[in-house]
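You will see chain A twice below: alongside chain B first, and alongside chain C after that.
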Partner chain A sequence: MSEGLHHLVHRRKGFLDRTLAELAHVLDRSFSAELLSTSSGLLQGIDPRVKLAGAGILILTAAASRSLWLLAAVFVVTVTLAFASHLKVRELLTLWISVLLFSGVIALPALFLTPGQPLGWGVTKQGLQAATFLLARVLATSTVGSVLVSTTPWNHLLRAMRAFRLPVVAVVLIGMTYRYIFLFIQTTMDMLEGRQSRLAGELPAKERRAMALATVGVLMSKAFELSSDIHLAMQSRGYRGEVHALDESPLRVRDWAILSILAVGSGVALWR
Partner chain B sequence: MHIPDGYLSPSTCAIAYASAAPFWYVAMQKVKRQLHTRFVPLISVFSAFSFVIMMFNLPLPGGTTGHATGVGLAAVVLGPWAGMLAISVALAIQAVFFGDGGITAIGANCFNIAIVGSLVASLVYRLVAGTSAMGSSRRLLAAGLAGYAGINAAALITAIEFGLQPMLFRDAAGTPLYAPYPLSIAIPAMMIGHLTFAGFAEFLVSAGVVSYLQRTDPTLLAREAPGAEVSLAAASLRKLWAGLALLMILTPLGLLAVGSAWGEWAPEDFANPETRREIASASQGQAPATAPAGLQRLSTIWTAPIPDYAPPILKSAAFGYVLSAMAGTGLIILFSLVAFRRRNV
Partner chain C sequence: MALNVFELEQVSFAYRGVVALDKVSLSIPAGQRLALLGANGCGKSTLLRILDGLYFPDSGIVKYHGVPLTEHDFEHDAFAHSFRKRVGLVFQNPDVQLFCPTVFDEVAFGPLQLGWPKDRIKAMVAEALEYFEIAELKDRAPHRLSGGEKKRVALASVLIMDPEVILLDEPTAALDPRSQRQIVDLMKSWEDLGKTIITATHDLHLLDEIAGECVVMDKGRIAGRGSPAEVLADERLLLGANLILGR
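Showing the complex of A and B:
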């Protein structure tokens, strides 16, 4: 690549490229999760309600834990289940690296700023423990959440939320929003790529801002138009403002057994 | 800004859920009553929009980029109640499906960003914008400040929640079990970033998008600017009246024009040698010897009450023009008022 072209490409890695990359990342992640959640694996075969409740128990256990060993146990159990459900190591590593980078920056000063028994170089024992607690807790809980979403189709997850008495209107809002997020992502990508393909060089900062804000403005106008269209479409199909959910089938003995083991295990571990 | 799992204790998360619940309930009731069957499609589509704009990398001055939550924009366009619902749904989806923010912290994130942020943003917007015109720069500033204040209020509450953790949750050896920094560190650490970059990104997206909507689709701003439409109309009407008055005063300028307008001749003009010359010079040398029979006949059907804009009672031609302009404008307004009232009945 010539130096000039390289410079141009480098310069153009501005808000357009970054926003496009983030949007593409969300699409990619959702697509991978959707593929994995419908494949065969240990967690894929378990009732979504059990998985949701189980994930809730594990997350609460990790959140309430006062022991690093228990946090490690939650993490190991989750990772084992993830591998048994064919989750890719690369995806887990990406998650862990991003979590460690984000929370690591926040946890690092605690090593020095937390008052306590000195260990050398300004680090205190309490500071080291506080930082380790924070990182271990974030690592364990984020892994549980990621494994749950990666092994459960999103519509099953919504139905499971309804089974836990989340108001039906909230479930419907989350479900519809989730659907339209992808439409908006696609629309935004089309708009940004359209602009990008017409750019021969770098725009001044003021124009870049104006372009970003105009894109948001156009997107908002489209959102309102779309909501009107959806409203009319819903009304034409008989929607009168009331939302209903389908009845769920009862849990099987195996599901109850898994839930009971998790609940009792977590209870005992926390109590000890 | 999105608190992950593990930063807040379970009891803090429970309190946050309990604090958010009444706001969600009231918001749901208010917005449902307001929107009826439009509630579900509008909130869900706006939530999807909010989710996507949270991913925008906004170019900020100094060559850096920043993200905005859109909380100010939601409050300005939808109002605090619908705005807090839309942002809450977006935050819940971010946490559950995309791991951005913790599942146990959904209540806290919604309380801080969606609820406190929306209420503060809406209050600031209404206070600063007042009943200013829809297209005014004051409304623009109000939107920007709403976003700035909303995100900073949310950041302050988040910092307080963080700062309370080491005070309340330590083990026997004094090790903080959750967010490790006290209020004296948590508040400045959070606020420095939000009072500068994050606040500016929020200011920019709120004011910038409102500016765009003012030019392209001001109706989207009407929901949260109840007095603005009236003041916009009043401002426009004031300008219209002033323009009309000026035109009426300037009507005597017509007296400066030499000759008569082509085709606006009276039957007697054809008998007058001077006006016949004018007619001939303006009509390639053609001037009928006498007034056309049709013109002669029809010109007597109606006699104008103020012929040639010169009321017979007035000696001043200029004043006559002004008076005629006033009478003509008054008649048009009267006719318009009658017609408009009939259409509205």
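Showing the complex of A and C:
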């Protein structure tokens, strides 16, 4: 976290201010993520379409697997690829902890409620297996997803989605949403800074709430204005309600080879 | 004598009751480099949007090449495609205009919507990126670019369609001096191409370079018209339009 951002997070109080400081943190993190996704790691050098398809194969394998060993293999392969692509252990640990906490809460009742052979303290063997499978699946699949997103620039990921025949309009909408989220975070930050620069001391809670509401109102009004202008800008360049996009270049032999190995390997592992 | 690209007769337009243009009459000959001068809120941007067929007047007539321009005309693909190819608008705020995930996609957007062959588009985009010196930015996300870079991408995204009329809304606003100079030099380089260039601005110091004719606007009306030298010499006109401070 940059020094200015750290200052922002710790100086300001109140729900809105804290939320906005977190938004600034999102900007900071997205910038770091973009740097990582364009660095020179193993996965960064692979065609985004291959990565997207490969991640899909790994996720399907994990979802269909009935073996903890196979789930562990998916997890180990993904983590190895992550380290070969310069992902930080801290990033992965943060992901794993939140996944385990969230999924743990969901998996906990299964320990006691699933009928089967008792192991003590109300826990059954079948319940323990079900909970372990759930946690292992979520851990493996979320790691695959996270590694894919961390090693692929967002705009390349969108192009890859287009290559898999996702409706162009859906891909364009996702891209525009992503792009304008950052503009609005920046606008919100500017408004907040403008407000702070004209304040001396703390405002009473009631006035802070009123000011927060006013900020949200202004932001909404700006969002409507911007969306109207964007539509005009699209119309001005020939948009008539249907979006057209360029086709992608064909995959190389190496890309097909990687995908084939992954698909065959996953198929064999699942079949056994 | 050059034919008029646009003719406006008594054009009025209001945003929810707030008058933006009030009985504006104006002729713009083909090949003219026209500057629309005026303070913020005088109706320059609204006029550009009317010329680009994005807004339609509440009253009055806008003619394009002598033919009245109506909302109904744009319901037909053939007319809409032809007009969008021939008239291009560069918006004041590049964030409005840059909505694609990469610079390459952004520049390709217009030609793709007009249904041009995809192979031709790829070659043209590459050429446009080189011309605007933004080839190294082609895979970058537009929201990560500097103000000057965004402006050049916005220009490239419109100029790739090679329009005969280029409408520019405050092209040098909020740019550092170097980026301003780059944009002005680009505009000067179009001088010999015979294009009609209509620029909304309040940068008086650039007038000589970007325009051969000026229209001064004030509160939605045309307050005066003349060459840059004539307009700049008319202190009363500039004072009345809030373009300079009184002594």
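Methods note: the second predicted complex is superposed on the first by the 218 of 272 C-alpha atoms of A that agree within 3 Å, B and C clash if a C-alpha of one lies under 4 Å from a C-alpha of the other, contacts with A are read in each partner's own complex, and residues count from 1 in each chain.
One rule holds for everything that comes next: contacts are C-beta pairs under 8 Å (C-beta built on N, C-alpha and C of every residue); 3 or more make two chains touch, one makes a residue touch a chain.
Computed from a predicted structure; not experimentally measured.
In the superposed model, A:142 lies in contact with chain B only, and not with chain C. Contacts of A:79 after superposition: neither chain B nor chain C is touched. In the overlay built on the shared chain, the residue A:155 is in contact with chain C alone; chain B does not reach it.
Contact with chain C, but none with chain B, is seen for A:34 once the two complexes are overlaid on the shared chain.
Residue by residue along chain A, chain B and chain C are tallied for touches, and B comes out ahead.
Looking at the shared chain after the overlay, A:50 reaches neither chain B nor chain C.
Looking at the shared chain after the overlay, A:70 reaches neither chain B nor chain C. After overlaying the two complexes on the shared chain, residue contacts for A:235 are found with chain B and with chain C alike. By the touch criterion defined above, A:176 reaches both chain B and chain C. The intersection of chain A residues touching chain B with those touching chain C, taken from the two complexes, comprises 154, 172, 176, 178-180, 183, 226, 230, 234-235, 239-240, 243. On the chain B side of its complex with chain A, the touching residues are 4-7, 9-10, 13, 28, 32, 36-49, 51-53, 55-61, 63, 65, 73, 77, 85, 89-90, 92-93, 95-99, 102-104, 166, 171, 173-181, 185, 204-205, 208-209, 211-213, 216-217, 220. Across the complex, chain A meets chain C through its residues 34, 153-156, 158-159, 172, 175-176, 178-180, 182-183, 226, 229-230, 232-240, 243-247. The residues of chain A lying in touch with chain B in their complex are 14-15, 18-19, 22-23, 26, 29-30, 55-56, 59-60, 62-64, 66, 95, 99, 102-103, 107, 109-110, 113-116, 125-127, 129-131, 133-134, 137-138, 140-142, 145-146, 149, 154, 157, 169-170, 172-174, 176-181, 183-185, 188, 205, 208-210, 212-217, 219-221, 223-224, 226-228, 230-231, 234-235, 239-241, 243.
Taken together, the chain C residues at the contact with chain A in this complex read 49, 52, 54, 77, 80-81, 84-85, 88-89, 91, 93, 95-102, 105, 108-110, 112-115, 118, 121-122, 139, 141-144, 157-158, 161.
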